[in-house]
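Structure below; questions to follow.
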Amino acid sequence: MYELGIVKRHIRRADRAVVDRLAGFGVATVHEAMGRVGLMQPVMRPIYPGAKACGTAVTVLLQPGDNWMLHVAAEQLQSGDVVVAACTAENTDGFFGDLLATSFRARGAMGLVIDGGVRDVRDLAEMKFPVWSRAISAKGTVKATLGSVNVPVVCAGALVHPGDVVLADDDGVVVVPADIAAKTADAAAAREANEADKRAKLAAGMLGLDMYKMREPLEKAGLRYVD
Amino acid sequence: MYELGIVKRHIRRADRAVVDRLAGFGVATVHEAMGRVGLMQPVMRPIYPGAKACGTAVTVLLQPGDNWMLHVAAEQLQSGDVVVAACTAENTDGFFGDLLATSFRARGAMGLVIDGGVRDVRDLAEMKFPVWSRAISAKGTVKATLGSVNVPVVCAGALVHPGDVVLADDDGVVVVPADIAAKTADAAAAREANEADKRAKLAAGMLGLDMYKMREPLEKAGLRYVD
Amino acid sequence: MYELGIVKRHIRRADRAVVDRLAGFGVATVHEAMGRVGLMQPVMRPIYPGAKACGTAVTVLLQPGDNWMLHVAAEQLQSGDVVVAACTAENTDGFFGDLLATSFRARGAMGLVIDGGVRDVRDLAEMKFPVWSRAISAKGTVKATLGSVNVPVVCAGALVHPGDVVLADDDGVVVVPADIAAKTADAAAAREANEADKRAKLAAGMLGLDMYKMREPLEKAGLRYVD
Amino acid sequence: MYELGIVKRHIRRADRAVVDRLAGFGVATVHEAMGRVGLMQPVMRPIYPGAKACGTAVTVLLQPGDNWMLHVAAEQLQSGDVVVAACTAENTDGFFGDLLATSFRARGAMGLVIDGGVRDVRDLAEMKFPVWSRAISAKGTVKATLGSVNVPVVCAGALVHPGDVVLADDDGVVVVPADIAAKTADAAAAREANEADKRAKLAAGMLGLDMYKMREPLEKAGLRYVD
Amino acid sequence: MYELGIVKRHIRRADRAVVDRLAGFGVATVHEAMGRVGLMQPVMRPIYPGAKACGTAVTVLLQPGDNWMLHVAAEQLQSGDVVVAACTAENTDGFFGDLLATSFRARGAMGLVIDGGVRDVRDLAEMKFPVWSRAISAKGTVKATLGSVNVPVVCAGALVHPGDVVLADDDGVVVVPADIAAKTADAAAAREANEADKRAKLAAGMLGLDMYKMREPLEKAGLRYVD
Amino acid sequence: MYELGIVKRHIRRADRAVVDRLAGFGVATVHEAMGRVGLMQPVMRPIYPGAKACGTAVTVLLQPGDNWMLHVAAEQLQSGDVVVAACTAENTDGFFGDLLATSFRARGAMGLVIDGGVRDVRDLAEMKFPVWSRAISAKGTVKATLGSVNVPVVCAGALVHPGDVVLADDDGVVVVPADIAAKTADAAAAREANEADKRAKLAAGMLGLDMYKMREPLEKAGLRYVD
C-alpha cells in the first residue's frame, strides 16, 4: 500500500449498473446507507455549484508540487471513471487545469477528486468538468518525481481502492467499496423511499419529536422543560 | 448559563415591529449602529449567495456529532424565529439537512445559524431556506446526548440570548440584544440616511480625506508625503 | 521598505500597453510565463465568480483593524490602477465596503486585492467592483494609526512594488514586476499559442505521455507497470 | 454587553475562600464538576509547561493590534485577580510582555488569559508569570482605540463575567461563574475523592468495562464481538 | 472497513522481535526505509518532549465527543500494544486522561496515538505515558455511541491495520504494515549504518554537493551560478 | 526577484560588529527599534525552548517536497550566517535534519529559519542547533527541482535579502535590512536603556496610566468610568 513508482494496469471496477444506481442518490444518503462511514473531509469542495459526479475510482498518489502521475493516470482511464488523487503531503498547488481536463474527458473520465489544488477553474466550469478539491490555485507543478497509479490511497481522510465507487456532489465526496456497492444502493433506495413520507409529515407540521418517538428517550436522558 | 439538559419554553422575544425594521438593513450597518460589536466570526458563511434572514433567536446548544436538540428546538419555534445553534466543541458534522429544514419552515423558522456543518445544501438552496454555517458536510449525526434549548449560548464568538434579534446576509451574522433592538434600528436608520449623501459625493470624485476631514489628524499623526 | 507613515506620490507605473496585453491572459498562464513565480497564496479569493482585474499596483500597508490608509491611497489613484493592500498582521476585519469602492472607482481603480476582509460584498458584486480578499467580514475598522502608501509590501506572500502589474481572476492573483512585464506578456502569448494545438490533440485522445514525450523519463525514473 | 469605552470599577468577585478551594483542582476536574461546560477553546495554551493560575476575573475587551486597555485594566486589579483579555477580532499580535507583567504582578495579578498573542515569553517564564494565549508573537501594538474593562466578554469561546473564577493549567482554561463557584468546588471535591479509588482499581488491572458496568449498555447498543 | 459497532478479538500482531528492532530507530529513518511512506500528518504531536513509543496497533474508531470505545479497547490490549484511535470527524475533545492511561498501562499498552484531544497531560507526563495527539483539551466526552475496535482505520491521514507496528517520537508517527516490518527493519539498519559515515564527512566540512555527487545533475537541470 | 535556478555567490553581508550588537537584544526589542516592522509570522516557532540565533542571511528558495537547494546553499555559507529558507508553496515536509545541520554547522552556520518542516528535532536540540520552522515533520524530500540561493525571498511574510541580519529567539524571527542594521542597533540600545527604569517603576506599583501619561488621551477618546 502506498508504494511509490507503481502503475497497476488491471483493476476490478465496481459493476456499471450499480454505479448508475448510486448516481441517482445524494452523497448524504449514500453515506447514511453505508452506516455513516465513507466520507472525505469537508475541506473537499466542488469548484462550481451543482457539480455532480459518480464513477469508478482510478487512484493517483501525487508528490507535493508534482503532477507527473496525473498524465500517467490518463492512460489508465476507462469510460465512467473518476480520478481520485491523493498527495504524500498537504499541498495546494494547481496540479490540474483545462488541458488535463480535456485529456481526461477524452479518455472517459467523469470528474476529478483531488486532495490538492486546481486551476483554470473558470474554464473547467464552462466545460462542466466537475472537480472537488482542497484549494484553487494557479501555482504550477513540475514533472520530476514518481508517485503511483491505482494503488490504494488515503484521500482527504478516506481510504480509496481502485475500482471503488466515488460519488460527489455539493455536500462532498463519499467512497463506496466495490464489494458493498450493490448492498449500499439497496439501502440508499430504501432510505429514500422512506424520506418522501417523512418530508410530507414534517411539512404538515408534525414534529420530529413525535415522528421519531423521541419524547420518551429524551425524558429518560433527563431532559427538563422549564418556564 | 450553558447548563445541559434544559429546555426553556417561555422566552421574551424582541418586538416584531423592531425586528421588521432591522430586517431592512445590512449586517454591516447594524453592526456599526451597535457601536461595532455583536458580530459572529467570519467563518460563518451563507450556503448560497444572496441568503438573508432576520428574526428572533431560538437558541440550541449541541454536542459534537449529535443533532438531537435540533428536534427538541423545532417544538419551541414560533413564526419569525431564527434558530441559532452553538456546539460544545468545534465540529463540522452535518447536523442539519432538508428534512429538518422542512420541519423548521413548517414551524415558522426564517433560517438557521449553526456553528457546525449542514448538508443537503442543494435542496436547501432550492427551498430558499437560508443557512449560515461553519462548514458543509454530509456527515451524519446521532441522537444520544442532551444539550439545551433556549439557554444563552456563545455561537461563533458571539453571545446570543433567546429572543435576541439575529440578522444575517452575505457579510455574515450580527446579534442584537432584544433590549437595544429599537435603539439599534434608529441608529441604523440614521447611519443609512447619511450614506446616500456620502456615496454621491464619493462617486463625484470627492475624497474621503476631505469629506471626513482626515488631513489634519493624519498630519498630526506624522504622515509624510514623499516624492 | 515597510516603513510606516509614508506616502510616496510619484511612482513608476508599468507601461499601459503592456498592462493591456497582460489583461488578455489568465493568471495561471502569466504565472507560468514568469517561470512559475509571482503568485499570492491561494487564501486570496474573489468575492464573486468571474471577477477579473488587471492594472498597476498602488500599494497600501494597513494596521490590523484600521483602514485609514485606504482613504489616503484613494488620492494617489490613477485610471487603471489596482489597489493592493497588505496588513502588518493577519487580520480579517472588513476594511473595505461599498463607499470606498465608489470612491476608488471614481478615482480610476480597476479593483482591490487585500490581505484582510471586505464587507458589503453583495453591493460590490452588483457594482461589479472586483475584490480578492482573505475573508468576508462585516467587522468595522477604525482610523487611528498610520501605515503607508506606495511602499513595497508583502501581500499574501507576494512582494509587490508600486507600479507592478497585478492580474487577478478566478484562479487567484499574480504580480508581474514592471520591468519584466513586456517580456512576460511575450512569454504568455507564446505559451497560449502553444496551448490551442495541445488542447486539440488531447481532445482527440492523444495522451500527455506521448505529446510531452514522458515515457522514457518515467521509465528512467523507475516507473513499473504491474498487472 | 460588549459595550466599548467603559471601565467598570466595582465588581463582585467570587469569594476568596472558594477561589482557594478551586485552586486545588485541575481544569478537567472542575469542567466535569460544572457539568462539562465552561471551557475555553483548546487553542489557548500556556506559554510554559506547568503553568497554573486560579483567581477572579478582571476582564478586558481589546481592539486588534491595540493594548491600551491592558494599561487601564492594571488600575482595576486586586490581589488574587486573573486578567482575562478578549479581542473584537481574531488577532495574534503581542499585546503583552514583561513590562506589563511586572505591573500586573505588582498590582496583585496571578496571571493572564488572552485571546491574542504575547511576547517576552522567555522573561515571563523566568518570572513565573503564567499566561495562556492563542499565540506567541513579538509584534508590537498601539494605544489608540478604546475597548472596555470589566464588561462581560467572550474569550476563546467562553463567556466570562468580571469576578468569575478563572482556573488554568496545562489542560487549558475553565471559567466558573461566581454564583456557582462554591457548588462547583463541592462537586469537584466529590469527584476527586472518587478518583483515587478508581485509579487503584484500574492500576490493578480491573477494566473500565466492569468498573463502570458498561457491558450491558454496549450490548444493548448492538456492539458485536467477532473473531 | 470502517464498519461501526464491531470489536475484533483476534488480530495478527507483528512479530515481537521485529517490533523491538524497529524500536531502535527514529521515525524519520523508518519512514525513509519504507520508501518515504507511512507517516501520519504533522498535526500529531507528542504531549511532552522526548516521548517515544513502539508497539503493535490496537485500533479504535471513535465518534466525536465520545470515548466509549477506548474502554472497550482496553480489554483487547496485550503487552507491547500501542492504541491508535481515529475519529469519524475532526474533533479535539479530551477523550483520554490519567485514569484511562492507568488502565491502558496496567493492560500492557506502551502509549497512545489519537486523532483527537487528550487531558491530564501533566499527570501523563509524570507517569511517562507517551501520547501523540491532535490537541490538548480538558473537554469531557460521553459514552453513548458505538464505534469499533480493531478494524482498519485512517488516523491523521495514515491507514492503520490492527497489528501493524506503530513507531512514534518527537518527529511524529509512522505506521509499518506487519508484513513488511522485518524488511523495513533491515532497510532502516542499512540506512543508519550509512549515516554515521556521512555525518563524519559532513562534520569535517565535506559538502553534500560532493558527497552525493549533485554537481552534475544540478548543472544538467540548468542551475546557474552568478556573481 | 524570485527567479528560479540561480545561485548568487557574492553577497554583501551586514557588518559583523553590528550583527554582534544586535545579537544582544531580543526580537521584540529589535522589531520595536525598527518602527514595528520586519517580523515573520508567528507560525514560525523554535524547535526547542531557549533557542537563539543572530547572523547574516543566506537565502534559499525551495520547491515543495524538495530540499536540493539546501545542499547548494551549504557551499555558500560563511561563518556567522543564518540560513533563511522560503518555499514556493506552503509545505510542511521535513526538508532538514541532523545531517544537514552537521554540514551547516561545519560550514559556519548559526541556525536555520525555514518556512517548512524539519525533522530529527531531538538530535538538533541535543546539538543545540537552533531552528525556527512552520512545522516538525519526519516526511522525506526529494532532490529533483531547482530553486535558488541568495535571491531575495519572502519567508513567512517577511522580505529577506541575502546579507540581511536575522535575529530569532523564543518570541519569533525579525529581519533587519543590512543598510539599517547599525541604526537599528542604536535604537534598540536606547530602547533597552529606557526599559530598566520603567520596569523598576512598574514593579514599585506605579501604573502605566501615569508613567505613560495616558489618562488625558483616554478621557479625550471618551473612556467612561462607571460603578
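All chains are identified by letter, namely A, B, C, D, E and F, in their written order; residue positions are counted from 1 within each chain.
Here is the rule we use: a residue touches a chain if its C-beta (ideal position, glycine included) is under 8 Å from a C-beta of that chain, and two chains touch if they have at least 3 such contacts.
Quick caveat, the model's predicted, so the values are computed rather than measured.
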item: Chain pair repeating C-F, as identified from A-E, A-C or D-E when over half of the contact pairs by residue number coincide; value: A-E
item: Distance from the mean Cα position of chain F to that of chain B, given in whole angstrom; value: 41
item: Cα-centroid distance, chain B relative to chain C, in whole angstrom; value: 31
item: Residues within chain B bordering two or more other chains; value: 36, 88, 90, 92, 139, 145
item: Complete list of chain pairs which touch one another; value: A-B, A-C, A-E, A-F, B-C, B-D, B-E, C-D, C-F, D-E, D-F, E-F
item: Chain C residues touching chain A - in the complex, by the definition given at the top; value: 26-28, 31-32, 36, 39, 42, 45, 49-50, 169-172, 174, 195, 198-199, 202-209, 212, 214, 217-218, 221-227
item: Chain E residues within the chain A interface of the complex; value: 1-4, 35-38, 41, 88, 90, 152, 154, 157-159, 177
item: Touching residues (chain side chain C, partner chain B) in the complex; value: 5-10, 48, 68, 71-72, 74-75, 92, 94, 97-100, 102-103, 105-107, 117, 119-122, 125, 135-140, 143, 145-146
item: Partner chain D, residues of chain C touching it in the complex; value: 63-66, 88-93, 139, 142, 144-145
